[in-house]
Each structure stands twice: as structure tokens, then as C-alpha cells.
């Protein structure tokens, strides 16, 4: 139940982030909705294909696509002023990443994946939609851009859920919330405080 | 039978569109053939992976790859003059989109997917090959470019087939033809008459 | 056994090639490691999804990701001087391509794919990781760039393994080595001697 709510919340924010990228790139209405819907359901489709759950839940049922469609339309009509588009995308993306990292891990555990596999599936669910969005928009994925913590918070959130759920008696839903808050919070903190990581030492010859 | 013919026709035109993009981007012979073949069979591979049909038909049998290869070679040798490459790509792509939307939906129904899932699989089959082509060529996918109807005709063609086949006694092949003609026709009409959709209202701050 | 060694060798060199692309693009540490790991395990994940082996080996076990992580870190700290980054990427990529073409074909044969399917799966395994790397870095894939032999050596290596293993009594491991040496050698020779293939004849109108 909570799993469903968080999964749909992830679809909503990722779809909105995708639609906002479409607005920023001057796509038309259908382009915006298309990139929004694909971003919203892309991570979940990747997750289900990796776990052998075919057809993926987002293909089999109509609710995920409908939810992503509505979120994209909302973003189309009520997106922020142009100057704030990039910040809006980053924040929505941070929430989607945190939600998909933990729900992806729980869904993997539900089909008896190992804790390691659950962590990795959570991580790939979290980054899959965003990568698809940025590749479609012909950008370098946020995930790879310098000076941002991205994969680390996602991996941490998924690890907390996978390890916590398999090694403790604390119910799944507690780990879902702790992991999501941790992943999204760490990402947002990294953005807010401009935590920077080293780029490779240059050796110009 | 008709399903096979239309599926191969889709492979041919998508492969030719991919090879023509390669010509336009000045790839060499092998690059052109590679992007042609991947475009031709990419949508079908995505379809089969989503439906859990592994290995995908285009991997298991040699005919789809051979057909895509020949179509790419034909495009390499007989592509139009440079100034008409873009128009040629758009027209070939419109035919491939219409054919894959409907054949994808029928193949999904054949493995007992729901009408909604069949529609979505048809849509993803139709757009998958073209997205792969444009991402490989480092372009923003045609699908997302402003002022073109793309996803809507594909969704419409797939919907006609999925709804028609499950709710009427009219044979599948009629819906296959109606859906393909509708999807391709609507796309071509949109291109010809420059039907335009709104981009997002700008609120510069 | 040899299969495992060659598969891990492929992961190492592809991961290092991905990390080196990240260095060249000025990604930060995590971006570099992320693109390195995804490049290292991407081809194998595609292979397993195409063969219906879910969850993929690189998701189910922790060794492939760990190996790719270490290789990426090594590339981060010990990458060559800036002016030689591109050459390093090309050489690493050539080895990864040769190793994945042959191991991919053998793994496909192990699950009773036809020789044709094994060839194609080997080819897709070989090019999948590199395509993912270049798409993430927002480059046109090496595979498609003019004047390089790429898909042909990969297809040749996979064909040698698939045809040899199914039609002769010579043990698999011989074909693995012959195919890898052939594919990587042909690619490196093509780069070294600047073998060129025709681009499409231009007909400017």
C-alpha cells in the first residue's frame, strides 16, 4: 500500500521533471507529454525487465501511464517561470530518485532477489528514468554532471532498504521512508551546499 | 501472414530511414549499415523484451536482420540527393511508425496482453526504433521535435487495432490495415499541412 | 572458467574505457565511476535481458559491479595524460569489444540459442556497453564514426565462435581465444593503418 503510494509519487515527480525538461527545450505539447510519460514510467519498466516481470507493470496496467500523463499536463500548464526551470527539474528529480531507489529495492526483494541485487535494481530504477529523459533531450545526464552527488544518495537509499529489510524485524515501510528521506535529503543537501567531488587530476602532456 | 508482411515492411522502411540518417551524418558504410539495422530491428526487440519473448524474434531468426541489412545497403547506394535526405527520412519514418504501431499491438494481443497493454506495446514498438536511431546519431528524437504530430498517430493506430480486434468480429487483418493507414496518414498529413501544437506558455521572470 | 576470466577481462577494459571517457568529459569522481560501471556491465546486462536470463548476472552477483568499480577507480587515478586519453579509450574499447563478442556468443550457445542468434547476441553484447558509454557522454558512438572498422570485427569474432563451436569438435576455449584475438586485432589494425570505408556517394542537387 505505502509501496504503491510512493511508487506513484515517484512516477508523478519524474514525469513532471521530464515534462519540465521538454518545456525548457521548447518541445511542443506532445513532445513534452511524451518525454514526461517516458521519464515517469521508464525507470519502472527497466526495473521490471531486469527482474523478468513481463509485461512490466507500467505496460500492463493503465494507471501508471495515466498518472504520468496527468503530471506531465500539470507541468505543461503550471510550470514555473523560465528562469526557475532548471532548479525545478533538479528538485523534482531528487524526489523521484529517492522514491524509485527504495521502491525498486523492495519490489526486487519481493521477487526474492538477493540484497545485493535489490540494491542494484533500486539504483538502476532510480537513475533509469532520468537517464532516459536527458538522453531524449540530448543532454548529458544529470547523473554524470560534475559537482553533484547523485549515484551515491541513490545507492545509499537502496542499500538501507535492502539491508534493513532483510536483516531486521523492523517493517518494510519504515525502511522505505527512511531510505527515501535519506536519498532525497542527501541529494538536495549536496545541491544546496554545493558539495563538490574531485574531477580527475589533469596531466596535460 | 499479412502480419509478417507488414512487420517486414516496417523493418525495411525503418532500416532505410536509419541508413539515410547515417548518410546525412556522413557515417561510413559500416556505420550506415549498423544504424540502419539497429533502427530496423530495434523496435521489434524492445517489443519482444517487454512481452518476455526471449530471445527476441529479430535475434532468433536471421531474416529480420538480413532484410534490414539489404534495405540499408539499398539506401546507401540509392539515397536521394543531399537536399532531400531529411524529407526522405521523415516519410520513411512515418510508414515505419504506422506499421510497427499496429503489428506491435497485434503481437501483444497474441500473447494475451490486455488491450491497454497492446496499445502501449504498439506505441513503444513504433517509437523505439526511431528513438534509437536519433539517439545513436546524437539528435533530439523526431518524436520530440516541436510542431510535429508523432506519438498521437502512433497511439491512435495502436488503439484502433487493440480495441477493434478485442471488441469486434471484424478480422485482425482489417484492423491492421485500417490502423496503419490511419497512423501513417495522420502523421504525413500533419507534416504536409504543418499542423502545429502549442509549446508551453512562456513565463519569463 | 576461461569464459569467466575473459568476461571479467571484458568488464575491466570496458569499465576503464568508460571511466576514461568520463575523465575526458570532466565528470567528477562519481560521474566517472558511474559511467565506468555502466559501460563495464551494460553489454552483459543487455545480453542477459535478450536471452531471458533475469535478473542479469551483473545484477544478481556483486563481483561484476565490484570489478567494474575498481577498474573505474584505477582509471580515475592512473589515467594517461590528457593528450592521450582518446587513444587509450580506443585501445581499451577494442579489447572489450573482442572479449564481449566471443563470451556473449558462448553464453548464448549455453542457453541453446541458434548459431545465428549466438552471433547476433555476441555482436550486441560487444557494442552495447560502448553505445551506452557514448550516449551517456552525449557523443556519437565510436561504432558509427566514419573511417573505423567496428561492427565488422565484432561480428566476425562472434561468428567464428558460434560457427566453430557448433560445427567442430575443437573445444570452446580455442574458439574463444581465436575469436577474441581476431576481433580485437582486426579493430586495432584498422585503427593503426587507417583502413577506410566509403561514405555514401553524395548527390548534391
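Should a chain be cited, it is by its letter among A, B and C, assigned in written order, with residues numbered from 1 in that chain.
One rule holds in what follows: contacts are C-beta pairs under 8 Å (C-beta built on N, C-alpha and C of every residue); 3 or more make two chains touch, one makes a residue touch a chain.
Chain identities (UniProt): A, B, C = Glycine transporter domain-containing protein.
None of these values were measured; they are calculated from a predicted model.
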item	value
Angle of rotation relating chain A to chain B [CA atoms, steps of 5 degrees]	120
Residue-number overlap at the chain A/chain C interface, same or different (half cut)	different
Intercentroid distance (Cα basis), chain C paired with chain A, Å	28
Interface hub residues of chain C, defined as touching at least two other chains	49, 52, 135, 138
Contact footprint of chain B on chain C as seen in their complex	49-52, 108, 113-114, 116-117, 120-121, 124, 127, 131, 135, 138-141, 143-152, 196-205
Touching residues on chain B, where the partner in the complex is chain C	22-23, 25-35, 45, 49, 52, 54-56, 59-62, 65, 76-77, 79-84, 135-138
